[in-house]
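Labels run A, B, C, D and E following the written order; every chain starts at residue 1.
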């Protein structure tokens, strides 16, 4: 279980994340949704220790940790692929750094690439593929971290509906079959509703949790489900009224 | 009227864009939708002359042009903000280059920033704002081009539902009130259906136009409209069956 | 970056101590390597004699840097704008680095006489090269996606230069400038080979011939101080011109590195 | 980039023509500036005498470059890894550039004798500096977002160096190396100032003393050719090491620039 | 007053003292010339620039002048400053050499490649030094000697480098060239370009006469002469230059006319030992300033 308590952060005077608590059960799938610029990426950076937090504490499996940098895989909002490496080499990077032999990690990368529709582009440089393909490669790299906790910041934002659908299924698989604990940011409410065990609606900055909804709809879900449609309208209304202007 | 005929492009042997024809009526709003990596960005680059095309011709208002580099404003898929300039300066760049005095362009930028929810962030550097804010700044910069034709490559992909809704309205305004001719790529089918006069469904690479649908639903539209729902299902089905795997 | 003066000063003291002890114990005579105490004594005690020379050399260095910049920047821009020009000029620029002064000295005298000009020119010849090469490499490293953007905005070459290439190449420029100002000291000294009647280089040659090694090293000490001052000036200038980097160090994009 | 030899060769011819005509018409005597025809005649006609000297100098240059690299790369890495070290060492590195050879010559004689070592050392002292400075600036220019990524992947400093900082700084490294190999020629010549019995620098001093200015310039010609060869070798190496840039020039991200 | 430029062979030192005396005491003015004294960047520069007419007069060495003549460089010797060789084969007294033959099997340094090495070879041949090794020490003469890297150095002046060594507590011994088989020659001479001489003969003559008066004045009152010198060259090292002056005094030229026979002998010797490649007839080098 991941327990986050009272995390705060300000940038030069203005608070960006304000006293956020969060509990993600082991093997849970928590999705965060909130207005653009509300502080989601900053929050993830705080969790990962990429930014120092002003206040707050993190506990993972009962133990207090300063941050999740050694515990979680993190897919940042921008792809951050190395321009001089081919896609497969980019994806293999975490395994390479962990010292895995290419022979072993190569197979895993290949399977991921097949699943992500990147087969045939292993040797392409990031500048030679489309934006969506770069995003998928970054996702592949994140999955190569091989960690139990996965933080995803808008992982599917550059993908078309069909590819997105397929990768959503893959993310579910990750949770169910590979027992990962997932924390994800998305702007797509449908995506959130299809995937989340728990949905957090966030406020404009300073970011706070406005609503916490447990979704007990069983998988596989479908957006026609009236329960989901109802939640969708509630979430939309909430986001709408939060808007200052 | 923009008339594009038989544009083709290949990269080292493999065709990416194959014989695409397109007609965008003056003041029209054409939306392109297609699988990730199918060649949409490449197609836009070809139109803008950022990439040389293998074959094809472009006519604008009756005259043949080699490309649209002097005629169209182009918002690329990545934001390409200059990291050393503040957001407002980044947005003002096209005006600066055109030689507009700051006094004049400053007001326009300010109005755009208000509209885009960037007010208060004029002096922030791109690295100090969120992904969605960067995307909005890039959109503001594109609109500062002040050209009649606007090419948008996934302009709203990093935005939350509410902000996105508001900017969709703004894009409509651009068409109706400012008489722009708009060609846009999106992965969001709802967005396409809400905005398009004509919707083009594209095939996986080599990119071809699979279907062309004129949407005569009057504005303002709403996704509950049964006509749109029907089209949405058709498009989804089309994209689905195109998928090779 | 905050710069502390204590560590280098400490190292300097320790090194000077070792050197002092070494030169007293090893029996290496003063005219080969004078002990630091002796050098300091001359450098400080004879400052009234040294400073006028140092002043002359400093003027040459500054003028040399100015001339080098006035040549290097347009040259790098021209070679970047016209690769054929680069192709055509590069051999001559590289060749210019292979010419020792004594081959040029009589020519310089014939063409420019004994004034400041020949010294400034020699210094500039040495300084301009790293700046040109680095700047050119910096221009070239510019991301093509941005180039396309600027072309689409209708920017001509000069606008793109001012707003894109130049800020993009700034760190390269400063790397070149750092090297340039560091070798500027020796550039001016070498310039003083040519018919100088004053300046630290002149003083060094004379003192060397007269076996006054302590004076040679005192002059080197002054030169080094000048070089350091220039180096720190460039560092300050760099931080000033690229202050946006400081402003954005702690961001959600960048994160802080511990 | 395709390099055409015709344009520089053409410029060279035109320049040589002007120089030739100038030196015939102006009455500037041969012993101050020999006409190019004379220089060429010596450089080619006496190649059998010149080449052995050139060979020695080339060995010194190459050894100097190797030594400089062996020092510069670890030094830049160390200073990047420990900014306090940079802080502590920078003054000494900058000072090292302010020391003229003749001040060091006696020391070199005492410590290293008259062998190859002193020449190689002199060359290396001159070459290592631009490489170190450029490489350090390159390491520093690395995007912090990538640094964070590597830290999150659990990469230690060496892994990050190998997979991120080094490839990132490569263009800077090559800018420094270009400058380094170009000044390597003069570095070796300066090294030959003292204690050499052969080499182009030795030949130049000798020819100068015997008023054989044409030989001095013929030696410079050979030196320049060596410098050029090194320069192009670096260019080739750069294109080779950064071939990914070529592969990605024509892309939907980059576009082709007309 | 007609302006004349004089470029020295090296940085100013007591070798040039008579010139400074002439300047300080207004001898040049009395001859209707004003002299600007320049230092060269290299000893060869003075000769080159004089030959090219870019300076009017230069201080040069007889060996250098002969080499220039053999290369067809048109110079004229118009006067003398030092009338015997000062160049020596110098060593540490502690080495205990008493005759050149003691240098058999030794390492010998030299200062200027192309000049001193050739002279050394000639010296060795004349004096039967065998299997010695030559090393170019540049001007790191004393370090090379005291570090034991070389046993002797060809090139230092017996009147100057010996003194700088003494100042460092090193006693120098030396073999004088003219005593050991090298033809006697004029160490320092005044030269000018052929064109310059043709155009400014009167001024050049005036210059030479003024220098001759300077030399006479040095002989007459050495202490005042030295004082004048220090006035003109304030940053000279007093102790060293005073001592060097004492050693140099006997060598200031007694007359301004060069001896053609002695010059020819040296030129022939130079040809024989490879200092020059083409024979030199010295007569055209040594114009008679008094003839018209």
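We adopt the following convention: a residue touches a chain if its C-beta (ideal position, glycine included) is under 8 Å from a C-beta of that chain, and two chains touch if they have at least 3 such contacts.
Predicted model, so just to flag it, every value in this text is computed and none were measured.
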Busiest interface, counted in C-beta pairs: C-D
Chain separated most widely from chain B, comparing mean CA positions: E
Farthest chain from chain A, going by mean C-alpha coordinates, please. E
Where the CA atoms of chain C average out and where those of chain E average out, how many Å apart are those spots? 38
What's the distance between the Cα centroids of chain B and chain C, rounded to whole Å? 49
Chain A to chain E, mean C-alpha position gap in Å, rounds to 86
At which residue positions does chain A touch at least two other chains? 11, 41-42, 45, 50, 78, 128, 130
Hey, what residues on chain E touch two or more of the other chains? 42, 48-49, 52, 139, 142-143, 147
Considering chain D alone, which of its residues make contact with at least two other chains? 28, 32, 102, 106-107, 110, 145, 148, 151, 205, 208, 213, 251-255
Of chain C, residues touching chain B in the complex: 145-146, 148-155, 159, 163-164, 167, 242, 244, 247-248, 251-254
Chain D contact footprint on chain A (complex, rising order): 45, 48, 50, 69-70, 74, 76, 78, 80, 82-84, 93-94, 96-98, 125, 127-128, 130, 145
Considering only the defined contacts, which chain B positions touch chain A in the complex? 11, 33-42, 77-78, 117, 128-133, 136, 154, 157-164, 187-189, 236, 239-240, 243, 245
Residue set of chain E touching chain D in the complex reads 42-44, 47-49, 51-52, 64, 67-68, 71, 73, 112-115, 134-140, 142-144, 147, 149
Where on chain C is chain E touching in the complex? 29-32, 49, 101-102, 105-106, 109-110, 114, 193-197, 202, 205-206, 208-212
